[in-house]
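Before anything else, here's the structure in question.
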Amino acid sequence: MIGAEVFEGGVAERLAAEALIVDVDGFEGPLDLLLTLSRTQKVDLRQISILALAEQYLAFVEQAKALRIELAADYLVMAAWLAFLKSRLLLPPDPTEEGPSGEELAAHLAFQLERLQAMREAAAKLMARDQKGRDFFSRGLTEDVARVRTVRWTATLLDLMQGYARIRTRDEFRPFVMDREAIMTMEQALDRMRHLIGFAGDWTDIASYLPEGWETDPARRRSSTAATFAASLELAKEGKVELRQAETFAPIQLRRRDRHG
Amino acid sequence: MADPDETPPRETLFEAPPMAEQERMVEAILFATAEPVTVAELAGRMPHGCEPAQALEHLRRRYEGRGVGVVRVGDAWAIRTAPDLGFLMRKETVETRKLSRAAIETLAIVAYHQPVTRAEIEEIRGVSVSRGTVDQLLEMEWIRFGRRRMSPGRPVTFVVTETFLDHFGLESARDLPGLKELRSAGLLDNRPPPGTPAPGDEDDDGEQAALFEDE
Amino acid sequence: MADPDETPPRETLFEAPPMAEQERMVEAILFATAEPVTVAELAGRMPHGCEPAQALEHLRRRYEGRGVGVVRVGDAWAIRTAPDLGFLMRKETVETRKLSRAAIETLAIVAYHQPVTRAEIEEIRGVSVSRGTVDQLLEMEWIRFGRRRMSPGRPVTFVVTETFLDHFGLESARDLPGLKELRSAGLLDNRPPPGTPAPGDEDDDGEQAALFEDE
């Protein structure tokens, strides 16, 4: 596209300008372009003529326009700003005008260029340093720190006792109703005694009212004795029987009441 | 690979670096290479005329007694941590975990019935005892092998250890709460095992005591 | 990090290993890893009562001029091959991703101006910084997010990392090449364009100075 365009001026100049223009994409923005342009002044950045630089930049933008190269917006913004700066630098300062003077603005631009240049050089120095994996190396055969996880097993005395109790009771597990085999309720004893007291005309040890077979098994004996005793008291309260006991811990005797009452 | 001993004092076309320099090179290569390096590889990487085997020997000696050493790995050489400092390469973490139910039950049976055979443990627990469980308890040093039982097959018995007693704060296994205490602590049901006379509690204790005497 | 010179001769409860032994330990630990190790980490892995900072100093001196050396990376220490022997390591050379010019410049700006905001990077380069560039540097772990700036919008800042220091063989960010000259030339100043209010300028500089000094 560029080659098809007719460019004013000498061939060498044209080629140089084209090279610059074609390289627009290669510039890292307008500041970078300004820095590149500033090199043509062949002076220290501190002595650079910002006015001349502004003119160079504006000429570049003109050329790009002539070549119908679309410049990114920020290049055009910079061009506008440089045009403004140029007018400020050329015209005598207007005392009514507010804001920074042309010299101040130019000085800042010079500072920006110098700073960018300095960063460029610093970056180059940094990259020229010895680098790990290229000039110096870290350990190749690393030994990982092994994480040794020791598991300390623990148990308490309670765990131990519960564990043992669990084993010893496991065999005995039976449905709940079956458990009541060794238990006699007062209701059961009462029911049983109501039928029996009819035959108890004389004083009888209440122990004899225990159901058959319950007197040998200690648990059954305990339960049935308690139930029978409670039932006896209940019957006495009802006035159906009389109770007597010769002395503490002596056998408790019972007889039907209505016969004698 | 050039054997340094066979190599006569040579006049090489290129001046080989001084031996101290060669040693530095070997050091850097051994350090940075991810695998052990053979003498041939060293020679291939070092400037012409170098004698890596000799440089290696200097380096090996230099590292003697240091925190790392030049060691031979097959045909190759590497820098490795001194064996006595291996502990620095470990980060020990201790994790406390509750013993499994199977292990606790097995342990309890050993404690209450020692000396007890595996068959007896299984009989009491009503399930087979895995090898792992017994091994774990042995490894923890909470149980150990007791005398062999004078019965057919002469089965080995298990007993609890001092470590076990220490851990549970017991003077002896006899201090373990008896069935009665377990019962009164509500750990055992009040129901007596069917067919077992209730005073059998004392029998159990007696039996246990007898077993301990046997120890 | 404890300054060995400041540590008085101590009476410790536990006998610390002799200094020669401590030096061996530091040697073993540093050799075992590719990453820099802090003095605190060393202390954590060595027996009680050890003085890794002092042992490190002994070790550093011992390796002076050798094929590998003890180098400081920020707050940590590592063993690296001598840079003059890099030519032997062609096999180990890792092809680093070619950084774009934008990335290199951005990295340099972060290193020399840290902590620096994205807006400040853009101001210095005169062009917007692409997300990809910053992401690449973050991903390489050469830069990381620093504190937020105490200015409107509380923008996030970027600083360089220990990985960056390690890669470029820098002891600290203060050792960046030409840092002093750039600072005295005022080229690291955050000079705002004339006519714009510059709040928090002094604060920024103070913060930056503090960060470098802090190293």
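As written, the chain order gives the labels A, B and C, with residue 1 at the start of each chain.
Quick note on the criterion: contacts are C-beta pairs under 8 Å (C-beta built on N, C-alpha and C of every residue); 3 or more make two chains touch, one makes a residue touch a chain.
These numbers were taken from a predicted model, which means no experiment stands behind them.
Of all chains shown, the one whose average CA position lies nearest the global CA mean is A. Note: the chain lying farthest from subunit A is B, by mean C-alpha position.
Centre-to-centre spacing of subunit A and subunit C amounts to 29 Å, using the average Cα coordinate of each chain. The distance from the centre of subunit B to the centre of subunit C, each centre being the mean of the chain's C-alpha atoms, comes to 42 Å. One inter-chain figure worth recording: subunit A and subunit B are separated by 36 Å, centre to centre, where each centre is the mean of the chain's CA atoms. Shown for subunit C are the residues that touch two or more other chains, namely 31-32, 45, 79, 81-82, 89, 92. Among the residues of subunit A, those in touch with two or more other chains are 137-140, 143-145. The touching residues of subunit C, counted against subunit A in their complex, run 31-35, 45, 78-83, 86, 89, 92-94, 96, 101-102, 104-105, 107-109, 111-112, 124-128, 166-170, 176-178, 182, 185, 187, 191, 193-195.
By the touch rule above, subunit C contacts subunit B in their complex via residues 23-29, 31-32, 45-46, 66-68, 79, 81-82, 85, 88-92. Against subunit C, the residues of subunit A that register as touching in their complex are 28-32, 34, 74, 99-100, 104-105, 107-108, 111-112, 114-116, 118-123, 125-127, 129-140, 142-145.
On the side of subunit A, the complex with subunit B involves touching residues 137-141, 143-157, 159-172, 174, 179, 182, 218-219.
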